[in-house]
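Consider the two complexes below, in which chain A is the common component and chain B and chain C are the respective partners.
Presenting the complex of A and B:
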């Protein structure tokens, strides 16, 4: 499947400094590997490209409606509870409902915990746009400031 | 004369040192020694010759006292000012200033479960025109002008269960958790939504908002573990999730004072951010063991160990030193960092020698490289 970009999506990617080719690569890789989460209508896929993890949110026809990124590296899930909150997302690879979980996040050699959507079977994790562009972006800035 | 004219210039050399130290628990810098945060509020005003009432009635004076006194005690390079009843005026309650207490909400405004539906959650405009948020806007303007290096925009959700209970009376609220669950939950959500709106205003105006949130009334002296989960932990998740979605955070201070003898396990289900400090006051009648805090939460957040607040007014600095040393030795190598605190706010009339005992213990047992 080839990614398709609306003018709005291109504009958003431009503002966020994301390359169309990279976002297309995210979609292509996800469709090949089935490594993505889906609501049935919308998918979220990610790929580490260079120093950032790039995300694409797109529909079944490959129409990209959103793209974003973060620099932190998502790691292993951190167990929090035996009764996790189930999200609307499903891990396509495992066919498991994803949970609102916690994962290790590493940046500048520092590992801390943060919220993510986690597949309880394979342990892969994703973050939604608000977390990447607000919470994690602010945390990255704080790490840089405090580490300086 | 502005309050800033009462104080000598802020010591920037101390600030630079303290700032590097304050980064320790968050970015593994291992500089100097572990931080000490006795959760100070009006004690700072007392130490400067003012009153408890001054501290709460004059926030700008209160926060300047705090930033000033932090230098004397060699504590944190950041300032804060708060009380335990924010956002209640927006919901129609009156706050009464007291000579010896923070402002308190004395008179419940509803007495019947059916009245909960009549409470209106203020929207952004109402928050901006209300009491709590403008108070913080004035305060933050003062800090940005006079103590900019100490400024952290903070929004206080504080203790949602405790605050919601003020609205209908604590006894009523506790009873409703058994007999009128829907009303109790609805009231809690209305308070929480109000606090969320306040946090989002803070994030919008200042670019971020550290979130301070607790589970104080919801503790094992009153609630079962299941009730703590249902009323407190789930609601804390709701608050943080909504705040993050609106751009508040990423810093969180979870403050769980009171007795969390067995319900502490419920707090695993909180939302954790890369800049979270987690603090529990007591396990039964004793301070919460730092060893257990590290074992349970050390891989999720920076942990705050405790010296019993009772000891802070006891004329026995050695007892404070010993308890501080025990906590430091247990928590200093916690994987996400450690801070030495008090089990709750250090009392207004805390003895200075006891705070010195805390920092002395940090120097003796919390100096990186010595362990």
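Presenting the complex of A and C:
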């Protein structure tokens, strides 16, 4: 399935410095491998491209409605509770309901935790837009912006 | 000479004549050498580590020239300064002197304060210097009120207020802090008038250091002034003159002291002793702390918590003029550096200074937005790290000034720290202060004397 981009999506990607080809690659790879989470209507997929993990949020027809990225590397989930909250997302690969979990995230040699959607079976995790564009962006910014 | 690294011009330490200079590598050191036809040859150490010296060039910024120049005629650098069209960098920080009198008479003083004449400009003359700044410098405009000792003027709060009302964005006061140690109300008045922070001379943590740098024991006064700043909530940058003969062994202790006094202390600026103004000796190479010497000491005395690689040029002024590092202070008190040379030079070196200021302020706003209103970040989370970074960070920087021996017009042309003069000029700070072995300056005394009174004050 080829990704399709509305003018709005293109505008957002432009602002976030994301390449259309990379986001299309994320969708294509997810559709081939079945590595994605879904609500039935909307999918979230991710792929590490170079130094960046790129995310695409898209519907069953490949219409991309959102895209974002982070440079941190996601690590192992951290167990914080015995009764995790179940999310609306399902891991397509494992056919398992995903939980609202906590994951180690590493950047510039420092590892801290942060919230993510986690598949309890395969342990794969997905960061939501608010975190990637707020907290993670701020943390990455602390390192990156201070270069100049 | 192993390898020639560049040609420039410099000054004769005896007669201040402009003479050609050559920079070259020899035994892994970098030297500047020059010959005055009348007074002979001078060879000065300017850097240790030839590869390191060359690697700094990757950080060079795209010059962002001043928009307007006070000097429009054909000019010879550096004797017709003001600035002129040959100047390659805009102004980042303006140093504005409001007196040359001082409540101390230190054996080491770049301004040769408290001697010969009394320069105490009127409010109208100070208004004129603020206006020159506004006319020639783009926003955000940062001014350092300096001297002499600015706090000896009872009207300092009015001066600060006037600057802010005229549109200066940021005002720091360069001070020995003696008055602020005794008079917390005066400190409060300065803050209320709009003073943003203090550039606070702090040479060490033992009395003997101050006996050498200031001629008297100021340790208790310095500590008391920092307490007062904590109470009034005025941020402080500690400024430490560094000399291999006086206090280089205290660098680690000063960094530890700063860590314990964050967030009142925002940063430390290590200032290798420059031989201009009043200084105790005619320097030999062993009396000099070149930047790599300082960074090696920091690495050694912090036991590797901060390494040489954590210091990068600001890419604003000439790449051989300054370095900085920024670190978060972690829960266990250790420094976590956010700057590292492995990250490479900034991708876009155009207008670095303006961008840096804007990006940093954007970043803090961003961080504010990203944090929950409850301030309860999970332990060990990125949220908590960001919260720490916002309040528990320390900037350590250094800028060795040029003196009449090592002055290099190429560095002067890239300078972004300029002294504003009462006759409407902006002059690179080092150049303004440089004096010959006989005490003659090109600018400081020649300009200020015209506006000064003679005799005892």
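Just so it is clear, the second predicted complex is superposed on the first by the 141 of 148 C-alpha atoms of A that agree within 3 Å, B and C clash if a C-alpha of one lies under 4 Å from a C-alpha of the other, contacts with A are read in each partner's own complex, and residues count from 1 in each chain.
Criterion: a residue touches a chain if its C-beta (ideal position, glycine included) is under 8 Å from a C-beta of that chain, and two chains touch if they have at least 3 such contacts.
Computed from a prediction, not measured in an experiment: that's the story for all the values here.
Once chain A of one complex is fitted onto chain A of the other, the partner contacts of A:105 extend to both chain B and chain C.
When the two complexes are overlaid on their common chain A, residue A:136 makes contact with chain B and with chain C alike. Once the two complexes are overlaid on the shared chain, A:120 sits clear of chain B and of chain C alike.
In the overlay built on the shared chain, the residue A:81 is in contact with chain B alone; chain C does not reach it.
In the superposition on chain A, no contact is made by A:62 with either chain B or chain C. When the two complexes are superposed, the chain touching more residues of chain A, out of chain B and chain C, is B. Residues 102, 105, 108, 110, 112-114, 134-136, 138-139, 142-143, 146-147 of chain A lie in contact with chain B in one complex and with chain C in the other. Across the complex, chain C meets chain A through its residues 312, 315, 326, 328, 336, 338-340, 343-346, 348, 352, 355-356, 359-360, 363, 366-367, 369-370, 378, 380-386, 389.
Only residues 72, 78-81, 83-85, 100, 102, 105, 107-110, 112-115, 130-131, 134-136, 138-139, 142-143, 146-147 of chain A touch chain B when the two sit together in their complex. Those residues of chain A that touch chain C in the complex are listed here as 102, 105, 108, 110, 112-114, 134-139, 141-148.
Taken together, the chain B residues at the contact with chain A in this complex read 23, 26-29, 207-208, 237, 244-247, 249-251, 268-276, 299-301, 336.
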